[in-house]
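The two complexes that follow have chain A in common; it is paired with chain B in the first and with chain C in the second.
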Partner chain A sequence: MNAVIQTVLIGIAIGALYALVALGFGLIMGVMKFVNIAHGSFIIIGGYVAYWLFTLLGIDPYLSIPAVMLVMFAMGLILYRLLFSPLLKYPRAEMRLDKSLLITFGVMWILDNTVTLLWTPDTRSIVTSYTGSTIDILGAKLGFTGLAGLILAFLVAVILHILITRTYFGKHVRAATQDSGAASLSGVNVQRTYLISCGIAAAVAGVAGVVIVSSYSITPSGGLNWLLTAMVVIVLAGEGNITYILPAGLILGLVQSISTLFVSSAYQEPIALIIFILVLMFKPKGLFASRG
Partner chain B sequence: MLEISHIDVFYGDLQALWDISMTIDEGKIVTLVGSNGAGKSTLMHSVSGLIKHKTGSICFGGIRLDGMSAHQRVEQGVSTVPEGRRLFPQMTVLENLEVGASIRAARKVRFDTLNWIYELFPILRERKKQRAGTLSGGEQQMLAIGRVLMSQPRLLLIDEMSLGLSPLLVQEISRVLKDINKLRKLTILLVEQDVQLALSLADRGYIIENGRIVGEGDAKDLLCSEQVKDAYLGMGLAGKVDELE
Partner chain C sequence: MATHWKKLSVLGMILILIVVLPMVTDLGSNIMNVMVTLFMYIILSQSWNLIGGYTGQINLGIVAFFGVSTMVTHFLWKAGVSIYLAITAGSLSAVILAAVIGLPTLRLRGMYFAVGTLALAQAAQTIVGNIFTRTISMPGSFSTNYSLTPRYYLGLTLVVIAMLVVYAVTRSKIGLAMVAIRDDEQAAQVTGVKVFKYKVIALLISAVLSGLAGGLYAYVRLSFYQVFALFSPSWTFDALLAVVIGGGGTLFGPVIGSIFLVVLSEIFVNTLGQAHLIVFGFIFILVVLLLPEGLMGGVDVVRPWVYRTRRSSQ
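On to the complex of A and B.
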């Protein structure tokens, strides 16, 4: 029984992190119909910024989140201004999708190699006084960093949800997503809405990076794995649906974690990819899409 | 109020409009009539800012709109009901109206405007929580007009108002537009397939053919002119059919 609770707890913690990793990716994909292959690199860079703040200035990783978000927000703005905004001249979404794939693939290589130059290819992680300490929940143990990641993921998901559904900015985002021409005819500054969305997506990637560097570790080339995770979560959630990303991440985390009760943990990644393929085959609009 | 002078518009290398000039006086309803593919919608897009013209100028209230994007033109007071209404289908009626009040000046007074729109179209109040995509055609047209009014326009562009609506609804919406034009001194540029309807609503009319303005004048005069009767009202043809019988 204890082992089951332990497994479920780990599944929830890792699932929340999966959702956090996918949120920024899903935002850009949903709003602009761009696929940001460099999203994993953004996450890793967020982790390295926190690592620097910790080793050079001694700032606690969780306290450095606002600073990391600010740096990543600025990176998001630059990415949009330099590379994404020229793509908007393609009126059809598929054309934007193709071109953004190629461009951000290149961005990924540039970023990953820049990171290697700056921080060397060594594996890095932040070790604080509380790393490794655990909290007892129903007789099972959850790492403090796992719990922090869980709370952060819920917080970010809820704040994003409120931002999109309740605020004027969110209404502009949804209007621009559904019909960008009609949005600009209604007085929405579509370019600025995209710009800020891109900044927010990068900032959220930064939060994920902080969680990863303080509870796992990062390497310059590790972004690709997180990108793949983000893609699996987005397919489960249904493309363009920010609200379902958290439940989708939790489901993926739980399925992976519970599978370790039956098969070797080495099968976790194949299981994620099998789910990915099955969902694409039978529920291509995501787990939560209604019929028709 | 709106002064279009000598504009040429291209789609890539293809020229769609040739040397178009038009004047719309404040408080007037002006209509642009012409057959399919004559360039009516292109001209609308040029004024609203979705397409940039190559030469010539468009001035509104003394300000040049030429370099402005669509949302900046909305800030100047030029708002559009696009062809096919183009609502935000996944958003509620209320949210659609709120997006209409996106520019700063309109956002400040949005609650008053909203009440006024609910008075104009009471059905929108009843349906405010419903998704726009689930509305009937007539309700969608009302919402499209409501949304555009939320932006506090001084010049309203309406592209194909009557398309897909029942005659009764067309009458209802025409009456509302006429009222708004009278009471709020709102200037309207109406593009319409239904030439008879357009000319009976408007003060002035322009006729566009193959991307060129080929006629203009008082709406009442145009309605009786042989040129319009022959080409658009089908009266010339009706006469011939009578003869055959």
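On to the complex of A and C.
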């Protein structure tokens, strides 16, 4: 019984992280209909920023989150200005999607190789005084870093949700999402809305990077695996549905975690792929879509 | 028609040159190696060209088909099967894998196919990395008799086969449907093109070509130190790069792209080391943004300009 509670607890912690990883990706996907293949690399770079702040200046990873978010926000703005905004000239949405896939694949390639070149392919992680400490919940143990990741994921998901549903900026985002032409005609600055959404998405990726580097580890080429996790979560949640990303992440985390009771934990990625294919075959609009 | 014959005879001459050259002179193992690599790149990028360039479906996991074929070919060849049969079997295994990932993802529009193929490649890398932790290699007798010449000719044959396949497919009804799907899927559907069917056909043919490239790789490389490196995303990136640089949706674009890529990496590897990958990344993005039809499209941009200046200078 204890082992089951432990497994569920780990599943929830990692599921929350999956959601955090997917949030930024889902935001760009939902708002701009762009696929950002470089999202995983953004996460890794966020992790590296926190790592260097900790190693060189001794700043606690969780305190460095605002700085990381700021750096990543700037990167998101650059990505949008340099590469995404030229794509808006293509009239058809599918064409924009395809081009964004290709271009961000190139961006991922550049970022991953640059990081490898600058900071070697070594695995890095932040080890603080509290890294190993755990908290007892119902007789099972949850690492402090896991709990911190859980709280951060919920925080970010709730803040994003409020931002999109309750604020004026969110109204612009929703308008631009539904019909960018009509939104533009009624006075929404679509370009600026896209720009800021892209920045926010990158900043959220930075938060995910901090959680990953402090509770797991990062490698320059590790971004691709996180990206795939994000994509599976997006497919579970239904494309462009930011509200359901957190529950979808939790489901994926729980399924993977429970699967470790039966098969080796080395096979989590294939399991994610199988879930991905099954969902696409039977619920192509996501787990939470109503019939039709 | 006259230009058609001119083109054909030029192509024939180039082909004869490539066939005859190693017979007449000893090119040295260095150049032979580069040529064999080039052949592999051409086949792999033609495979990407069919599904990405002609059909417009972005495949980000072509390495899964390549890698699985390499492994199947390697083990069958080791078991004593002739290399030709082994490569055929390898290609078949790639086709099966393509069906597994293609049937659920190609039915949907948008990013699903790209994501599915990327996920497949990563999952394959994980599985293979978990199972094969040690070097796999052919028995020693193979490496003592190793000669590049049969590899060169087999590679060349496969290149010719790949080019003929792409030519035949794209000149057929299938090719017409593929291009229609790429240009406007909705319009194609409305006018009666069975979109899903032709996407799957294109993917399966493309997988055969990736499989041939993988089989050739198993024939060329006798041992694989890190088996999971066979599934590294860099293969996918190289194929994509060759097609995009050369020009997708054209018969010779991938060839030009592959030559460009192989020659450039030969130059860069010694001078820049790993930084050359970053340079390639920048070239790739610039081409996607500025030259959407690649170098082949660039020719069309430059040609009227050249003719105009020539005429004005007369």
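The rule is short, and it goes like this: the second predicted complex is superposed on the first by the 292 of 292 C-alpha atoms of A that agree within 3 Å, B and C clash if a C-alpha of one lies under 4 Å from a C-alpha of the other, contacts with A are read in each partner's own complex, and residues count from 1 in each chain.
The rule we apply is simple: contacts are C-beta pairs under 8 Å (C-beta built on N, C-alpha and C of every residue); 3 or more make two chains touch, one makes a residue touch a chain.
What you see is a predicted model; the values in this text were computed from it and never measured.
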First, second, both or neither for A:107, with chain B first and chain C second: second
First (chain B), second (chain C), both or neither touched by A:23: neither
Which superposed partner A:99 touches (first chain B, second chain C, both, neither): second
Which partner reaches more residues of chain A (counting touched residues only), chain B or chain C: C
Which of chain B and chain C A:172 touches, first, second, both or neither: first
Partner chain(s) touched by A:189 [first = chain B, second = chain C, both, neither]: first
Which of chain B and chain C A:181 touches, first, second, both or neither: first
Shared chain A surface residues [contacts with chain B and with chain C]: none
List of chain A residues in touch with chain B within their complex: 168, 171-172, 174-175, 178-179, 181-191
Residues of chain A that touch chain C when the two form their complex: 29, 35, 37, 83, 86, 92, 94, 97-99, 101-103, 105-107, 109-110, 113-114, 116-117, 224-225, 227-228, 231-232, 235, 239, 264, 266-267, 269-270, 272-273, 276-277, 280-281, 284
Chain B residues touching chain A - in the complex, by the definition given at the top: 48-50, 69-71, 74-75, 79-80, 82, 86-91, 95, 98-103, 106-107, 147-148, 151
Touching residues (chain side chain C, partner chain A) in the complex: 56, 58, 60, 100-101, 104-105, 107-112, 114-116, 118-120, 122-123, 126-127, 130, 184-185, 233, 237, 240, 244, 274-275, 277-278, 280-282, 284-285, 288-289
